[in-house]
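The same subunit A turns up in both complexes below, where it pairs with subunit B and then with subunit C.
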Partner chain A sequence: MALNLTRRKFLQTASLAAATAAVSGCFANRAAASTPFVRKPFTAPGSFADTKTVVGGVCEMCFWRCQLVGKVRDGKLVKLEGNPKSIDNGASICARGNAGVKLLYDPDRLKYPMKNVGKRGAPEWKRISWDEALDECAAKLKAVSEKYGPHAIAMFPHGASATYPMGFFEKVVGTPNISEASFFQCRGIRDTAYVATLDTPPDENVDMANAKAILLLGGHFGENVHVSHVKRYLKGLENGAKLIVVDPRFSASAAKAHIWVKIKPGTDTAFLLAVMNHLVKSGKYNKAYVTANGVGFDKFTAGIAHASLEWAARICDVPAKQIKEVAELLAANAPNVSIHPGRHVSWYGNDFQRERSLACLTGLLGAIGVKGGFVAGKGPKVGKAGGWPAVNEEHAEHHALHKMAKKYPFSPPGTPTDLIREAALTGKPYPIKAFVAWGQNPIQTVPNQPMTIKVLQQMDFVMVCDIMPTDITMYADILLPETSYLERYDMIKPGTQWDLAGKQQQYIAARLPLVAMTAADHERKDPVWITNELAKRMGFEKHIPVKSQEEKTEKMLAGANLSIEQLIKEEGIRVQDGVEPYGKVLKVNFFSQEIADAGFPGVPTYTPVPEPPKGFARLVYGRAPVHTFNRSQNNAWLVNEMPENPVWLNDESARKMGLKDGDRVSLVNQDGVKSRTTTVLKVTPGIRKDTIYMAHGYGTMNPAMTVGVGKGIDDQSLITKGAVDPETGAHGMRSCFVKFIKDGKELSIPA
Partner chain B sequence: MIIDLEKCVGCHACAIACRAEWEVPTGKDSANRERRRNWVKRLGPSKTPHGLASTYYPGLCNHCDKPACVNVCPADKVEVTFTDPKSGAKKTMQVAATWKDPFNGTVQIDKERCLGCGACADACPYSARYVNEDGEAPKADKCTFCVERLAAGLEPACVQTCLAKARIFGDLSDPNSEVAKYVKKGAARLESSKVKLGPNVRYYGNKRDMSLLVATSTPKTMPQANLRRTMMAQVLKSTAREVKSLGLLGLAGALVVKGLQEDEDSKE
Partner chain C sequence: MQCERHTMTDDDPGVKLADIYRFLSRSIEFPEPSWLDDAYWPAFFALLAGIGWQDEANELRRLRNEGAPLLESLQIEYTRLFINAVPHVIAPPYGSVYLSDDGTLYGPSAVRTKDFYRERGFDLSGEADIPDHLSLELEFLALLAEEGREEEEALFLRQHLRPWFPRFKARVLAEVRHPFYRVLVNLIDFFTREEWDNGFESDET
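Coming up: the complex of A and B.
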């Protein structure tokens, strides 16, 4: 009866207002004439009213690290904005950046150290003191280390807060078993493939703002947002750059593209080989650059000679003439073309060779060190601090699973996730008996949840340090609450102006707290304090490199002749003259002897991936602009913007299946694993029939995440069979196939 | 305001910055209206006569030339003098709790006098208003074009945070302004034959995106007025006109209200 209630309220209010007017007549409101916008107390005063602007914020709603200012009223952060002094993001921040306030004050945040007195996976929490928590963590970790060796401890870190403890576990404790999601489930493949080809990891260093053509392979900017990155992309488009988007789905970028290549998922390398072969055969590559800087070019051209336009057209299910059109467009605009290396590239298990192909294509076009090409800005130097001494690093290296197994020679730093999980489950070559998650939620970042859960169940000890009660926290024995990026001293962010062709400038920003670290309602601690306290209790006190986060920041800034005090005086960002970024030449390993010697194809090679079984389509995932991985799914503002992740289905298929836009559906995969929840169906012509798409970062199963729990579908729960990239050991996660369930009935997807 | 869909990437920063700036609650109000001042809706991918399209509907109050929300406000009218900040010219008008500023053209709400009845929110074909029931009393709320921030020399919150510079704010009456140039280039209003209120947020984009935006996001009909609210609004308004300045408003108002309450009770 909500309406009635409102009506009653209305009547009461109306009568009251009328009575007031009677007493004072219309003169009472004359005062309002000069200030017609007086709204207190019924409207917020605005973030600019009676607030202090606090500088020194560096965002970590994602990892692009935009520079922030905080608007603080009575010690409370009311709004985040881009730091107007920033030459990177400027006064702009994205939806997630704006919603940082809601993370800071999320009532579901972890507040106190907790001990699980129930079961792993079905926890019952008991609040304990920091001393008790740290004593137990240290004792249990030490016990595992003494019984099985320090390599029996596995760590799953993520984010800036995990850097310091990761150094401790790797170098001092001495375990190689560190699985960073940012490497093994994200960009590690890209980095090592580019190192093998161009001798440098690429980051996202393509000068899109000054490009005449941009090639995105799966890149979906707009759905994937990093502020200065998207600024570069948009400036390029505004200046008339031709955009080519290769994607099975009509993504946010495809919608702005000149050419949309509606490729069959898994076949991108075949497409790239055909483009390169066409450039070589037609002589439309950059001969001068290749002659001067190419290595193994003859072997390369011979190795890709089979990749005709027709060959690729058949494999990729796109017209041969479109592949040719792409090649010609790139050649016509070379060398000022951005061949984007991608970011999350752990897709199908054949990804190292695709990333190699992108690097080779960049070289073939001579798109290196030139406007619009592969160019890195030259950032300023800052000091180093907080590095742990390499006390037991040798032990760690000696026990690296991939080295022992002589596998995955192009693994990014750390140990491939599946080797850790297999060792844990088989005890071979050695057992893994302690599990530390720090800022990472491996339940939702790593494929095959049942396997991860088995791994957790066989541990002697599980410790988790996080901000939010993510799914992994349900499996912790001891749960430690840490401060957020808005409350702590932390990392240094150096960089350059966002447009590489702009006035050459550099900047140094540091993450300084925008609000106080302590408050009466919690006992959160920062990662340096937590790690140091652990180190002391584990007998490693003498190796502690810094006493506090603040000291670490101070020392790093000192390397740039700066201090925290000075940086604050400079409005949170030091801006200084920069260095011309163009002109750098890179050698290009078209054929790589190193890769060939390791037993892999030295020339970029296409390896087909398994086809969907009959009735299924391939599940691909991507990003929603309001979420970062699975980290933001309890943020009340972000959830409100996109409460669920709609699952995309081709419109013709939907018609044949009797499904319509807006239907509630769930999914089942090729192993019979069903999604725990349902979501809304999006019927669209903008996706291939063999592809199902949804945004990642939904469907947490932890009831302690009261806003996000059960909202949308957790794509990772359906990725039971992860592919493994043979060169790197990193996961491919677009490796599973699904069909629909509606009203309890399984619905096959027509071919 | 102009929204350039060629630039917009649909990131939702505008919507969240607005929520932070004005502490706009999430979810829906008791009449099932989205509680928002500023929103982004993803459109498509869909077929259009100009090809496959996927774009966004970033929406906010249109500060219409002929706003449907103003005349339905049942609050007592008071005399308010408006001043043109440019010329210093003054204009005195009788306004209810919501009005259209005769000089800057924005549509505003006086929260002190707002009755929170929601008549204005029901009248808006763009669903740009809602009733905020979180405070001590329910109050209608919507985008103000951030006149308060403008007065402090700041850009509207959504404009400031927009990484794409897709939101262009300015004076439509100044032919040299950026916004006026967009109008010349064809920036369009979301209007239909039955909904012609003269909205002052305009959208610019390529043919296929505009085709999708217009097809999905133009209101086709004026909202069906909530009869009871409209009736109460009309009664209160006519009474207010008659008794204005006679000091009897309170009495008359109370009588009207009493009558309505009896009517209400008899139905229960």
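Coming up: the complex of A and C.
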């Protein structure tokens, strides 16, 4: 065996003797020198190499929060599984959930606080200490707050880790300018429309497992996967529920549908009005429920009386008899029907009225509080902790842009994104000079990227906190690395068994770390620590509500007579007897005086949206089962499953355009904006000629995402013109039109 | 329990080599004023002089004498090469990034490296520490060398460090902007390159 003889001999030479003396001199204080190693007698494998099952995981590869266990071998997470004790997802998790392991050990993950010594958008990073990073963040944020007022700080948060800092910025610092993508680019419209109609946000609370009919408007389950949600849906189908899918595309759900309504995009409200008008005119609605619980029903019926089957058929480009068939099928199975409220609903800029229509249809069928209908499980009570005191909330409210402009009265909490961007760019009614992104990548969540970039460029200070180098991190002055959902104490997840008609049970799960939060090669911190350190430096120390993430978890669990220790003893999930969920009655505002008083139609109303210019088709987007947008686009396992997002084109159109399945194409939109990348073409009869489809969350432009960069097309880059929903101020993002580019040539899409 | 140093005389070649490994281990950590001080540079230059790399020593000496803020430029370059950067982090200094199919941290080869430490009576201080960081592997070599465990040292080099080091080195050399890291990875290469019976190993990349 070679024994480094040459090297060892070499060490004896005179020249190197001097060198080693100098090198050794660097370690003069040898005894005190510590090493990252400890001595430990060798133990034979089998005793230490066992795989431990660590409980307390709650997934965050998407927002659904399945309960997990981690298989941990010798400090390393080797596998994630559903927690067998779960009465929600059970032992099942999806592909993304499985791939959490890959997120944890992604070499591209942010490791240390960094300072941008280059430019915003073209960063050069320097690792800095937490003290330096936090001192600078606090000083810059304070300077902006003192010069322009706290409302000059805008925050774009997302996910469980952003809840605590968001409370700090809103209530203590005092800025109203918080734009959550989950509201303004996703579900906020749904929530406020249902609150205005049924006085409750709907979540996805339809009892599909026990429904006799299910109506999905754009819902594409199977491509869109949330485990217990899909379980409800599939159980319903297994039990023979009739499925109606309204979608311009032959989605995974359309493939299982009894009726596929191949609707023209943008016209869904007209469709729903015609369905409701038909039910009213033919007397096939739930008169008892409506009489007992309906408000403004006469105004409602008068207001939708124009919506004949033929009227809607023309608008929606579907047969009148199919609309009738849908109405009759729903009536025949009422009240046990699931009118799904949807989740991502910020589509066309006329979305509030569509969501109102869905809520009214639910009421019209009396599909509330009954098996198969709109029913929420009754979850257990848990404690509250980590709420910041409302020190400057009043200041925030006085400076809320939509209130100052008397616009968007049905805005979800926070401030509509475009009002923030416009204020930043015009300085009116006041300047916005600091930007905080926390877990959100506004480059890919918000339409009109050039505008967002301009907004960022005019800031005095940009701070970003994330786990991955997403697009927005390229614009940070200071970049802070967070622990992931697998390494931290965090939120509590309460709920019920997934099948509402099953044995009534409740559960409480808490997100506990599955692997150690610290390691020698990084300095990631949890959001409570980061926020508290910022608060101290900004002079708000006395308002800090909890000292640590762990304390917050303990306090919340204490509200359910639980502790972290006890929860671990109970295998990570407390399961207890539940409460019957059925029987709850909700008032239905068919006509809403509140909405009418605000100057909007009090009866659900269809407003047409712009048509595609000649040669263009409307770009719509959706989910892929193996991706959650940005969050997973650098995950090597998931990228391997679906490396890019094929763009769907109608087969007849393709033939006329000379395109074939598998061609490499790029897209150009109505404003001449071209996609940065190309993707593969999918030619199919399963899409309308006026519609182009692709999955969202591809084509990141940040090369620091070494796996995901440039793969597929970033649909958001083409959405230069977001529509804005007039009631809510939320974005509509199926508002752009595209043509194809093949080999440098633009190809028009035939009508 | 921290490691206690084996009692050997400083003249022992194993101890000298241990000091060199430890010096290199420290050098491939993030540059901090706590160790990158006035004592560090003479040692670095002496080492280069000792193996006859006069040009490299002169180049760095010149750079240092120019009085530019050397520490900060090293910190920026270190961040870019080894932590996070645009267009992408150049060369994560972890073995399994190069040795696993999916380029993961803490891949199977890292587990084997940790097993190797264990079988030799060493463990990492933190339970979630990533075992195959270059700095750790060099420190481990120092621990073996100062106890005179030459065969194990050679085995570790052959089975754990050298299978990935040339690929890491190639990535650094292709992209490096600061001469210090060019010289440093070559220096680490010099002191870890295995000499087989029939001569030096091939310089695979």
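The definition used in the following text is that the second predicted complex is superposed on the first by the 702 of 751 C-alpha atoms of A that agree within 3 Å, B and C clash if a C-alpha of one lies under 4 Å from a C-alpha of the other, contacts with A are read in each partner's own complex, and residues count from 1 in each chain.
Rule of thumb we're sticking to: contacts are C-beta pairs under 8 Å (C-beta built on N, C-alpha and C of every residue); 3 or more make two chains touch, one makes a residue touch a chain.
On a predicted model such as this, the values are computed, not experimentally measured, just so you know.
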item: Partner chain(s) touched by A:89 [first = subunit B, second = subunit C, both, neither]; value: first
item: Contacts of A:41 with subunit B and subunit C, given as first, second, both or neither; value: both
item: Partner chain(s) touched by A:105 [first = subunit B, second = subunit C, both, neither]; value: second
item: Partner chain(s) touched by A:637 [first = subunit B, second = subunit C, both, neither]; value: both
item: Which superposed partner A:428 touches (first subunit B, second subunit C, both, neither); value: neither
item: Contacts of A:503 with subunit B and subunit C, given as first, second, both or neither; value: neither
item: Touching partner for A:227 - first (subunit B), second (subunit C), both, neither; value: first
item: Where subunit A meets both subunit C and subunit B, residue numbers; value: 2-3, 5-8, 10-11, 13, 15, 18-23, 25-26, 30, 34, 36-39, 41-43, 48, 636-637, 640
item: Subunit A partner contacts - residues on subunit B that touch it in the complex; value: 6-7, 9-13, 15-17, 19-23, 26-27, 30-31, 40, 44-47, 52-55, 74-76, 78-83, 92, 101, 108-118, 131-133, 135-139, 141, 144, 147-149, 151-152, 154, 157, 160-164, 209, 228, 232, 236, 244-245, 247-254, 257, 260-261, 264
item: Residue ranges of subunit C in contact with subunit A within the complex; value: 1-5, 10, 13-14, 16-17, 19-20, 22-23, 26, 30, 35, 39-40, 42-43, 46-47, 49-52, 72, 75-76, 78-80, 83-89, 92, 94, 97, 102-107, 111, 114-115, 117-130, 133, 136, 139-140, 143, 150-151, 153-154, 191, 194-197
item: Subunit A residues touching subunit B - in the complex, by the definition given at the top; value: 2-3, 5-11, 13-15, 17-23, 25-26, 28-30, 32-34, 36-39, 41-44, 46-49, 78-82, 89, 91-95, 97-99, 101, 221-223, 225, 227, 230-231, 234, 238, 250-252, 254-256, 625-626, 636-642, 684-687
item: Residues of subunit A that touch subunit C when the two form their complex; value: 1-8, 10-13, 15-16, 18-27, 30-31, 34-43, 45, 48, 73-76, 102, 105-108, 110-112, 114, 117, 122-127, 469, 474, 479, 515-521, 636-637, 640, 702-707, 709
